[in-house]
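The first chain written gets the first letter, and so on, giving A, B, C, D and E; residue counts start at 1 in each chain.
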Amino acid sequence: MTETIRMVPLEHYIILSLIIFSIGAMGVLLRRNMIVVFMSIELMLNAVNLLAVAFSSFRGDAAGQVFVFFVMVVAAAEVALGLAIMMMIFRNIRSIDINQLNQLKW
Amino acid sequence: MENLIWLIPVLPLVGFLVLGLGARTLPKSIASVLGCTTIFTGFILTLLLGSGVMSHGSVEQSIGTWVATASWSVNFGFLVDPLSWMMMLVITGVGALIHVYSAGYMHDDERHNYFFAYLNLFVFFMLLLVMGNNYLLLFSGWEGVGLCSYLLIGFWFNVDEYNEAAKKAFVMNRIGDLGFLLGLFLLLNTFGALDYKGIFGGDLLSHAPQGVITAITLLFIVGAAGKSAQIPLYTWLPDAMAGPTPVSALIHAATMVTAGIYLVLRSIHLFELAPFSLEVLTYLGLATSIFAATIGLKQNDIKKVLAYSTVSQLGLMFFALGLGAYTAAFFHLVTHAFFKALLFLSAGSVIHGLGGEQDIRKMGNLRKVLPVTFIVFAIGTLAIAGIPPFSGFFSKDQILLAAYGHSPLLFALGLFASLLTVYYMFRMFFLVFYGNSRTDHHTLDHAHESPLSMTAPLGILAALSLGGGLLNVPAIFGGGDWLQHFLEPVIGKVEEAHISASMEWTLMAIVVGLVLVVIFWAYRNYAVQKQVPGAEADEVGMGRILNHKYYVDEIYTAVFVKPAQQLSEFVGDVLDADFLDGLVNGVGRFTTGVGKVIRKIQEGTVGFYLFIFAFGILLLLVLELFF
Amino acid sequence: MLTSILLFLPILGGLLLLLAKGSQAKWISFALSLVCGGISIAMCAGFDPQLGMQFVAELPWLPNLGISYHVGVDGISLVLVLLTNLLCPVIFWSTFKQNPEHPGLHYGMLLIMQGAMTGVFVSLDIFLYYIFWELALIPAYFLVLLYGAFERNRIAMKFFLYTLVGSLLMLVAIIYLSQQNSPASFDIYDIYGVRLTPNAQLLVLLAFMSAYAIKIPIFPFHTWQPDTYTSASSGTTMMLSGIMLKMGLYSIIRWVLPIVPGAVAANQNWMIWIIVIGVAYASLIAVQQKDLKRLFAYASIAHVGLIAAGILTMTESGLQGSLLQMLSHGINAVGLFYVCAILSDRKGTNDIAALGGIRRLAPWFATAYFVVLLGTVALPLTNGFVGEFLLLSALFQKSWVWSLVAGSGVILGAVYMLKSYQGVMLGKENNGTFADLDNQEKGVFLPIVIAIVVFGLLPSLITHLSGPAIEQLLQQINQAIQAN
Amino acid sequence: MIPIIILSVAGVLSMFIGAFKWKKAALPVVLLTGLAALVANFLPENRSEVPQYSGMIQFDGFAVNFSGVLILVTLLILVLSRRYYKDAAEHLGDIYALFLFSLVGGIIMVASNNLVMFFVGIEILSIPLYILAASERNNLLSNEAGLKYFLLGSFITVFLLLGTVLVYGITGSFEFDKIYAFLEQSGGSIPVLLRMGILLIIITFIFKISAAPFHFWSPDVYQGSPAVIMAFMATVAKTAAFGGFLRFINYAIAPVSEMYAPIIAVLAGLTMTVGNLMALNQTNLKRLLAFSSIANAGYVLLALVQLGDNSNSSVLYYLLVYSIANVLTIGVYLTAKETTGLDNIEGLRGLYKSNPPLAFCLALAMLSLAGIPPLAGFVGKYAIFADAMQHGQLVLVIIAALNSAIGIFYYFRVMMMAFQTQEEFPKAIPHVVGYSAVLIVCILALLGLGIMPNLVLGVFK
Amino acid sequence: MEQIIFYALAFVAIVFSALTVGSRNAMYSVLYLIVTFFAMAGFYLLLSAEFVAIVHIIVYAGAIMVLFLFTVMMLNLNAPLLLPRALLVRILAVIAGGSFALVLIAALGKAAHFTPVAPGASQAVGTVNVLGKMLFNEFLLPFELTSVLFIATMVGVVVLTKKEE
């Protein structure tokens, strides 16, 4: 079992998850569509999850994988909330552009 | 008696308080009586002190500590030695006479009571000045008389011009006072004491470096020049004639202005150690004397003439002091007090009689109208001219002799100054009492001789001017130089230049002869030819310059006053308001300005914030990783 | 115990008054301040100059931080306590006529200020001292803000902010000093025991002086002062100039000289230069002021500058003179600003050009004004003289030039004071009537005039209180300098 | 642990009360249970000096004291909220529940002893806040506030997670003790990834306490949120974040202070300067308070640079005092807003004339925030400055001192408004139960803590 | 074998995540994201974290993405509604994202010795058995507390989106 895991070095997992994380970050910065921004954040969370599982497996320590559950819980909650906020805003201004609302400034 | 010394200054102070507080309730008669009584009592007390002074050399009384620090202290202590005793006599004596005179002169003034209050206050300060046993009290009196001078010059305060004159007097005095004050500091630093005994009593003087002593004395000269109206601080005195005439007589002729002389005499042991300062005194006095006398030639205001004459005479006294003729200087101080007070008061009588007229061009031929005044004025003028046996002769003669002892040139210059004096005094005398009457009829009809309260003091002063010379009759007249011996405990025995009796006689003859010539010259011009000075605008050349007093006031204004004002405005408006305050406000404005600019970063769109966050995190990561 | 009563009676009373309504406020505050005056006199009577600190109260307050409630008076602070508590009743009394709006607030603030200022003078714990130092500022701010004549928002803000910037730097220095002891201690004797390196001394000196230079104020940190004095109501201005600025001067004596004597000695040269130039500078500006209150404000800068310079000479006569002069300046400032108050009450203006000829109409007023003026120009036998003499002589001991420059301020002092008097009181009557002082106003001037004369004749009343304390202080300073 | 349970249950209870439209009972129930939680918090049964629940949580003195402050301030705000919500809110029960849940999150943060626990705590604190910020559905500003808070918050959360995982990956544990031990063992050389992990976690805190450069959310969110919620964010959320931060530093990363100290020091200076400068020209009171809260975060950060014996108590004291002053300000603001309808400081104009006590409340709050003795705010600042000074942060302390001076400018501007006596403030302020009580409690606290700061400063002794 | 699978999956994951963020159409984004999630599940399996993989599919692909899809469809969000961001912003975004990757990976490279892995660790940590035991023992408290989180979220969603009466 351990050998299976070790076939691919941990570094590669780390690099991969960091790349995905960065793509997610890029998405957050790039997009004005609220829903896509949320998705990018989900993507970043997934990258973190992947990292956690990789560490966990390589360490042979289950705590990392348990942590992933908590991340999922939070991700689910945030998505639900985020979409609710989006709905609310969409009802008010018929737009889901994140930059549309900019009354609060200076 | 020695225990009551303090009463002498305190009486006038009490008089001042009572008169001042009760000014609006006391009747004039009571006020004037009270005012005169305090001074006169002082005079009596002073006389009573005489025996003590004669027998012990000096009497002292201290009534408590004034200032005490760890290293030095100063008492409210009074020292009556021959010098201060003589001064006290003059102050209370002449003062009492002038008080009496004022009762008549100021009778109709609504602020009569205040006048007496101020006069009393003045006498208090003047007594403090001469009686104090330390320099701090001297300085207190010094400043105090300046204050009274201010109050009295500006007595009629609804006239702005008078107020200006008063202020000028006070400020000019203060400039001198600053010099005096610095001198005191140096004195204090050098000797660690301010009381005469502490300074002169031990042998401290001999250990002090000469440079320091010279500095002290020079600073004292600055002070004395302010108070005694010497170059360059003399310009206030002529202006001070704005005050009522008794004030001019008492303060600006007889007493206060001689405080400078008193200061030098009091510090004579210091001056003796500083030959340079003495020299300064000599030339300063001489210059002032001539300078003021020349101005006097062209003045047409009866009081102004007298004022310049005062400046000139004071110059002569300093001249004498510088020459080492201390007794002569003091002697002249006393006689001058008599005859100048007399002159002023009789001038006041003239003014009073003519209802306030002061311009000698508008007088003339008054000897019939004001007979008593005429006589006493004549006595005064003769006294100042130095005609024997009037008092002025003796004192002035001793000064000139001392000058001759120094150098004939100084003698000549001194003589020149006194001849100028003789000329303008007689010019005035003849213009007022001889010639054609130039007074308008209306005034002339109301012209009257002064009441007894004014003429009586005139009479007494006339007598003193006549007989004052007896105080110090020189040996060649068979006198005993009484004053000189009397003062010896204070000023020490002075080595006078030895002049043979024959030489003395010769010089005397020359002086008197020349004086008579000048008198005659004036007589010819103004009594016989009945010349009248023209309008100021008509003067040309030297006359114009003299009439304008060498433009000194104008020069002072242009050189000191105006630049100071401009500087003040520059400092106040530009440096303070714009620059310094601008700097402070600028810091505030800059800060809020920065706030205004950087708040724009808070741009309002969440996308931008995300960017900032991302780059912020990046930055921190990079910093953490690579640094 | 007496000290604590003196502190908390007015502060607590003031706090209660803040919430009170109605016009009894002024009577209550007056009564309280009179009581404080009485207490301070009692303290004076029970004070033995030879014994050092007396009426000491010490309680642990925040022992873990090294802070205690420690108060007491020595000869130096007693003089200022006297000044504060005797002047306050007069100041309160002087404002009665103006019937300020919200009397509870007005008099409450005044009382708090009185207590806080007393606190500054009696604190023997530097933390406590700092608290009172700032506490005194708050009521002052409100008084300027609420009762100012013009631009009060801006002026009050500037006043507060500017003075506070300095104080904050001082706070940093205080914290630093306290931590030089281990464990940290704010007690005066522990702070006095701190030995600092020359560099540290210099920094501490600068930090402290930045607070004091602004508060006093010393040129060139004075620019808040003329506006504030001019705009503030007369009572406030009297409190500020009569008493509050003495906090700064006193603090130099109490905290700067003993703590960093070495730095003072090393830097006194340029500091005094700046100050004496400031004296001449302020006097020069005062000469051309057109507003009476503003003129007095600049005059005040000149006068207190001289005091500060005298203190920094660290000589016996400098310190002695500074105490005398603090007292006199307090008395005279109250008198002068009361003159302004009366003028603006009667004529609605303090513009010199718009006034004139009042002397004839109101001789009592003229006399009172003139006497105060004499005290201000330091005429001998008035209260201003001895102090000024000692101060100038202290300066002279160090350098005659200082004495000359500062002395020129004395000449200018005569110029501007007489000019003001002439403009306001003399000359032609500008218009109409001017009622002379009534009894209430006489009641204000009487103690002032008496004080001017009494302290002029008997400065020893003060010097015998403060003399031993000053000597001891100087001894301490000299030892510290030698130890370095 | 007990208060967590009580408060969670109370939250659920409140939801049910709301669901049954029994609005009047909601607040009393919430307050009573809150009070119970406060009492329970200080019971000895609640305390434990060793970690509980498999090392997840530890109610030691630190946790108890911080929780106490959190609960107390929440209670004050809840009482005030009656003035705000009166009868309007349809979801009153839910809103109170969210307050309580958020509070639970805060308590978890200050008590947690494990990164997972900690992460859960942060989320429980934040998610209700996102909702509360947006809770005025028809108010666009509130919408905007909610959106911004949510977006930025979840963006940062991702970094927190990344950091957590990195720390886990290197040290092999989520537990503070083990992390601490690992760091202590490794001595000076800490693996780079671990450093990055720690840094990312610190960044999250920087965000939560709204310190520069991650402060951008707070002014917008504070301004857009309803006033009581803003008060809650500025006080409870901030205190919890600081408590968590302090705990994380104390219990987990203290051995590597030379790594984080410079960052915190620089950010402290930056934060207070930025906060103060940006506050200078604000007119909207809530926004102004937001910048003020940024600036204050800067001061508190000063204490975190180098932890000493007194740091915990100084921070606790400072935050308590700061919170109370904020509650007081918002309390006054609620009335002004109600009367004048104005959101900015102009709304306070002339308050003194019609209502002196309120004006004094405002004045005290502002003076305390400005750090003027003898109010508690001064002692708080003093404690922190002294602490920093003891650790040689002279330059920072001077920067902080100058910053306090800038702060005075805008605090006093607010206060000044109330004391413009020439203006009339509209009359008629209806009485609301408990409102005055809160104000009085706050005033007494500001004065009392100023004079007797040892009540709080001494709790860690 | 595993390596090939890894790199293939990595390729898919990276490409589809890039497509997710790059796609103009939200609908497509959602679909691309689902693909990415499946690739993720593949990694979990590679790492022998079977349970996580299953939960991942259920939660993400099953719940979260459905929610996304549902929302996208319900709001009928189509392309024209969304304005593209300015070019500069896009470049900056790419730079930022790229820098993240670079910095993080550089950090990895800088790590001189990388020994986080305890050799000979216990086997099969990814099983339900192990995870369940751990979750309900050590992580019981946070697990319970997540219920508070969920209640709060639930309440929140209701508060925010419930139609007014």
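The working rule: contacts are C-beta pairs under 8 Å (C-beta built on N, C-alpha and C of every residue); 3 or more make two chains touch, one makes a residue touch a chain.
This one's a predicted model, so the numbers in the text were calculated from it and none came from an experiment.
Looking at chain B and chain C, the chains that touch each of them are D.
Under the contact definition, chain D and chain E share the contacting chains A, B. In terms of the distance between Cα centroids, chain A is separated most widely from B.
Distance from each chain's C-alpha mean to the overall C-alpha mean is smallest for C. Note: the chain lying farthest from chain D is B, by mean C-alpha position. The chain pair with the larger count of C-beta pairs in contact, out of B-E and A-D, is A-D. Computed centre separation for the pair chain A/chain D is 28 angstrom, with centres defined by C-alpha atoms.
Chain geometry summary: the mean Cα position of chain A and that of chain B are 99 Å apart.
For the pair chain A and chain E, the distance between C-alpha centroids works out to 5 Å. Between the CA-based centres of chain B and chain D the separation comes to 78 Å, rounded to the whole angstrom.
For chain C, the set of residues that touch two or more other chains comprises 161. Multi-chain contact residues of chain A, defined as those touching 2 or more other chains: 21, 24-25, 28-29, 32, 55, 59, 61, 63, 66, 70, 74, 77, 81, 85, 88, 98, 101-105.
Under the contact definition stated at the top, the residues of chain D that touch 2 or more other chains are 116, 120, 123, 127, 130-131, 134, 137, 146-148, 151, 155, 169, 172, 192, 196, 219-220, 409. Applying the touch criterion to all chain pairs gives A-B, A-D, A-E, B-C, B-D, B-E, C-D, D-E. Of all residues in chain E, those touching chain D in their complex are 104, 107-108, 110-111, 113-114, 116, 118, 137-142, 145-146, 148-149, 151-153, 155-156, 158-160, 164-165.
Interface residues of chain B, counted against chain D in their complex, comprise 588, 591-592, 594-596, 598-599, 602, 604, 606, 609-610, 612-613, 616-617, 620-621, 623-625. By the touch criterion given at the top, residues 116, 119-120, 123, 127, 130-131, 134, 137-138, 140-141, 143-148, 150-151, 154-155, 157-158, 161-162, 164-166, 168-169, 172-174, 219-221, 223-224 of chain D touch chain A in their complex. Chain C meets chain B in the complex at residues 158, 161-162, 220, 222-224, 281, 284-285, 287-289, 316-317, 320, 357, 359-360, 363, 367, 374, 379-381, 385-386, 389-390, 392-393, 396-397, 400, 403-404, 407-408, 410-411, 414-415, 418-419, 422, 425-429, 457-460, 463-464, 467, 471. The touching residues of chain B, counted against chain C in their complex, run 20, 23-24, 65-71, 136, 139-144, 147, 150, 154, 157-158, 160, 163-164, 167, 170-171, 174-175, 178, 181-182, 184-186, 188-189, 564-565, 567-569, 571-572, 575-576, 580-581, 584-585, 588.
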